[in-house]
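Labels run A, B and C following the written order; every chain starts at residue 1.
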Amino acid sequence: MTQTLAAQINSVLAALILLTAFGLLMQRRIYGLLHLFAWQGVFLSISTAVVGYTAGLHHLYISAILTLALKVFALPYILYVLIHKLNIKKDVEEMVNIPTTMLMGIALVIFSYHLTAPVRELSTLVTKSTLAVALATVMLGLLMMITRKKAVTQIIGFLALENGLFFAATSATYGMPLVVELGVALDILIAAFIFGIFFFQIRTTFDSLELKEMEKLKEED
Amino acid sequence: MIYSISIECLQIAFVLGAAPLFVGWVRMLKCWAHGRASAGLLQPYRDIYKLFYKDVTIARNASWIFRAAPYITFGACVLAGGIIPVISTDLPLSLSADVIALVAVFAIARFFTALAGMDAGTAFGGMGSSREMMVASLAEPAMLMSVFTISLVAGSTTLSQMVHVSLSSPLVLRPSLAFALLAFALVAIAETGRIPVDNPATHLELTMIHEAMVLEYSGRHLALIEWAGEMKLFLFASLGVALFFPWGMAGVYNPLMLPVAFVSLAAKLAAIGAAIVLVETRLAKMRIFHVPEFLGIAFILATLGMLSFFMLE
Amino acid sequence: MLILILLGINLVAAAVLAATGDKRYAPEVNILGSAATFVASIFLAVQVYYEGQIIAGREFFFVDEFNVYLAVLTTFVSMTTAIFSRRYMRHEQERGRVGKVAMRFYHAMFQVFIFAMLLALLTNNAGVLWISMELATLATVLLVSLYGTPSSVEAAWKYFILCGVGIALALFGTVLLYFAAEKVLGEGSAALQWTNLASVSNRLEPTVLSLAFVFFMVGYGTKVGLVPLHNWLPDAHAEGPTPISAVLSGLLLNIALYALVRCKALVDGATGNGKAGQIMMAFGITSLLFSAFSLLRQKDIKRMFSYSSIEHMGIATFAFGLGGAVATFGGLLHMLVHSLTKSSIFFTVGHASQMHGTQEMSKIRGLIRGNPLVGWGLMLGVAAIAGMPPFGLFTSEFLILTATIKSAPYLAPLFLLGLAVAFAALLRKVMPMVFGPAPESQGSLHPAHTPVIVHMVIVLILGLYLPVFLSQWLHAAVRLLR
């Protein structure tokens, strides 16, 4: 595989990751969200492996496998089981309507493009141009967490944000040191268990997973 | 010069002649897919022929617009057939009118059809016109965005130049083009009134869009409108081919390539027809309220294509 | 080796408590574990005091004057909190607010939390620092919702989500930092080590580091609870069990600020223009003013003191942003005395609300009559936190004010305004609770007095005079941060 071809494949994967991030923003159905999230993980994992292959960095294979195991199988499976057990309504609603959310998303993409401009100029790596996409994915995950009002969708937004971070790590720097990556993966796994417990807690105390019920803690005047 | 003018004429004649054939092919495949016996490839020709021999009935209160609209629409489509490189890039018209003009030509056609729909003063005509304009107002920005993405890659808005660039440059994986293609496909579905946006075969009051507008037409007027509609489908398909898969098209002063161009175009259009049938058989027509969302997605895709051109290429 | 023992004690204690946390002797085990870490950290501190910086475990850990003083503080406050929690949690159990599983979970997570904070302090790796900050958050999330009431679940969810997002942005900052460092130091863990980064900070790419600092500021700033990123803090600190509020307010905020200050020192080294300091000053002064005015409208006693924590973190952030020897010294001292005072206040507040069965300030009355220790403890604690002499916070705030007048005089009025408003608000709210006759509804209880007394005495001593070893220590830390 030549450098240019790898760069091309990588940018296609970056585009796909961005596309799935947008897909997550507009998907209404909860299982659809899970599938999109899993696909994002697949693209992320392939991209990590490609970067690892071209740069000859073998620790990236480990993180690719880690991504595949965690983001494509484990987390969607945990969420699936939770959704199934909690018998959550199949539809998700959003606070802002979809076209507006999309436009906000596009604005965020442009914003992150500008923000990463200085870094892009400095980078000599094959993957340099994907940093903007990574930051955009982070921002879109943030946007998803703001616009959605169900606990499960917020969590998926959070995980998508984490995907963006991971992608940033591979695209900007060929991956963080392995110690850090393992630690981050561990943290995410713990977080997954915690939100699992949370779903049950929220469910038993509020009788639903709608976060709009949770508006008690405000500054009262 | 003579050569290119003759090519231009050849292409317009080809578009006029082949458009019903393409529609016939799509209908035939669809019949097969549904397990019905088809009326054959040539049925659209027979329909047009039949309509030309029928009398024209015009509502008493219809104005000149109603009478002129079929000719304007038809003319616009013929003009578009001269702009889009279908078999060759060597088109004088294509050099004088770029892709923005092309979108405008289609807009003129639609504008007059919509006016004519309202002109007769029936309820369905007005409803169809308003729906058509809603779809159009959403489809056009997405269409322009998607085409601009390709213009960015090619560095020109002239269609023949764009085709020329993609013919002469080596094959590169470009995410921007993939996004643009997806967006273009979605827009083309909306523009040509296919499922899932509109159903060309229905005359059900509540669901039709395009058919509601032209409900009042008869005789040769209807023939022209039908023909123009078939040309529009054909042209959008060949525009897609020209923008995204131009390989095999004849270049400048290259008459020997023409037979190859015809064959490759036929093959590509046959494949596109099959794809249309596949999509239309699998999907149901969506509710009109979901159309803005559908076209919103097209717009997002096109914008993403443009952004990824800047970000990734 | 000492560091491994220090960190290992917590983990062992956590494992033991996970199995036995609901037994009668569990609180004593908890205290024992915390006390052992405290002793270990004292040994570590003595070693640093005599030998200077230590780098251990294949450069994985490093200890200098800056982090070891925070480590000692952390272990000390966690020990006193464990002592306080013995009586407090026993009372909660008697009231039936927590079950056996919850007790096991509480004790184990308390130790994990301390472990995460110590790891964050002692690690040499900016990435590991991030991981342990996240671990500390995760360990406490479910402690906030321990009671399982709707408002506590809501607070915990807010805490989880907002801090999760915040800290995710800090990870992006870490990625950018690594990106810049890798060019100078090469790939691998070496490029994320504070010791290496500090020595090459002037060769790091300034544009990238400025961008990274924005993310660090937003990310770790969320954890510090700086306005406008503070939304989760009053909820999370008010709704959990009081010992957790005490360590969250007293310790975790410090650790987050520690991370931010480390990053700031690096960025300053790279850019050399002090922009990072200005950003921190802006955040600090905003937090001070906003929370001072927010104090006025609080009704819940724990919420009020959470806002007070935001205020003091604002002051410390402001001080570090200001830079210079005096301000930095003041900031370091402020972190120390604020932790001690705030945790002591939370101890008394916890008992006060247990006596009245509510956290509403309008229902808490006559504390001195009801229980002199709780009443006087709260009164003196508030006097200290409001910055009255002769307590330690007066000294640190005075130092910071002096530095402000010297290097940023236009901000001094704002700084004073914030302090004055906070002072007035705190005393206005606390006076009626402390003095006056005790209401009928007031219950009696056996409070944990040792932690309160010890904390207040230390704060008083620090206000009257600074021991030589401590001032030398802080001066060394100041030198590290310049």
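Here is the rule we use: a residue touches a chain if its C-beta (ideal position, glycine included) is under 8 Å from a C-beta of that chain, and two chains touch if they have at least 3 such contacts.
These numbers were taken from a predicted model, which means no experiment stands behind them.
Enquirer: Looking at which chains touch, is this a line, ring, star, complete or other?
Expert: line
Enquirer: If you take the mean of the Cα atoms for each chain, which one ends up farthest from subunit C?
Expert: B
Enquirer: Which chain's mean C-alpha position is nearest the mean C-alpha position of the whole protein set?
Expert: Given all protein C-alpha atoms shown, the central chain works out to be A.
Enquirer: Distance-wise, how many Å sit between the C-alpha centres of subunit A and subunit C, to the nearest whole number?
Expert: Roughly 31 Å separates the two chain centres.
Enquirer: Cα centroid separation between subunit B and subunit C, in whole Å?
Expert: Once rounded, the distance between the two centres reads 66 Å.
Enquirer: So the centre of each chain is just the mean of its C-alpha atoms; given that, what is the distance between subunit A and subunit B in Å?
Expert: Once rounded, the distance between the two centres reads 38 Å.
Enquirer: Show me the residue ranges of subunit B that touch subunit A in the complex, using the header's touch definition.
Expert: The contact residues of subunit B facing subunit A are 172-176, 178-179, 292-293, 296-297, 299-301, 303-304, 307-308, 310-313.
Enquirer: Can you check the complex and tell me which residues of subunit A touch subunit B?
Expert: It is residues 5, 8-9, 11-12, 14-16, 18-19, 22, 26, 98-99, 102, 105-106, 109-110, 113, 129-130, 132-133 of subunit A that touch subunit B.
Enquirer: Under the stated contact criterion, what part of subunit A meets subunit C in this complex?
Expert: Listed in rising order, the residues of subunit A that touch subunit C are 57, 115-116, 118-119, 122-123, 135, 138, 142, 145, 151, 154, 158, 161-162, 165, 168-169, 172-174, 176-177, 179-180, 183-184, 186-187, 190-191, 194-195, 197-198, 201-202, 204-206, 211, 214, 216-217, 219-221.
Enquirer: Under the touch definition given earlier, write down the residues of subunit C that touch subunit A in their complex.
Expert: 125, 127-128, 130-131, 134-135, 138, 141-142, 145, 148-151, 153-158, 160-161, 164-165, 168-169, 171-172, 174-176, 178-179, 182-183, 187-189, 191-192, 205, 207-208, 211, 235, 239, 294, 297, 299
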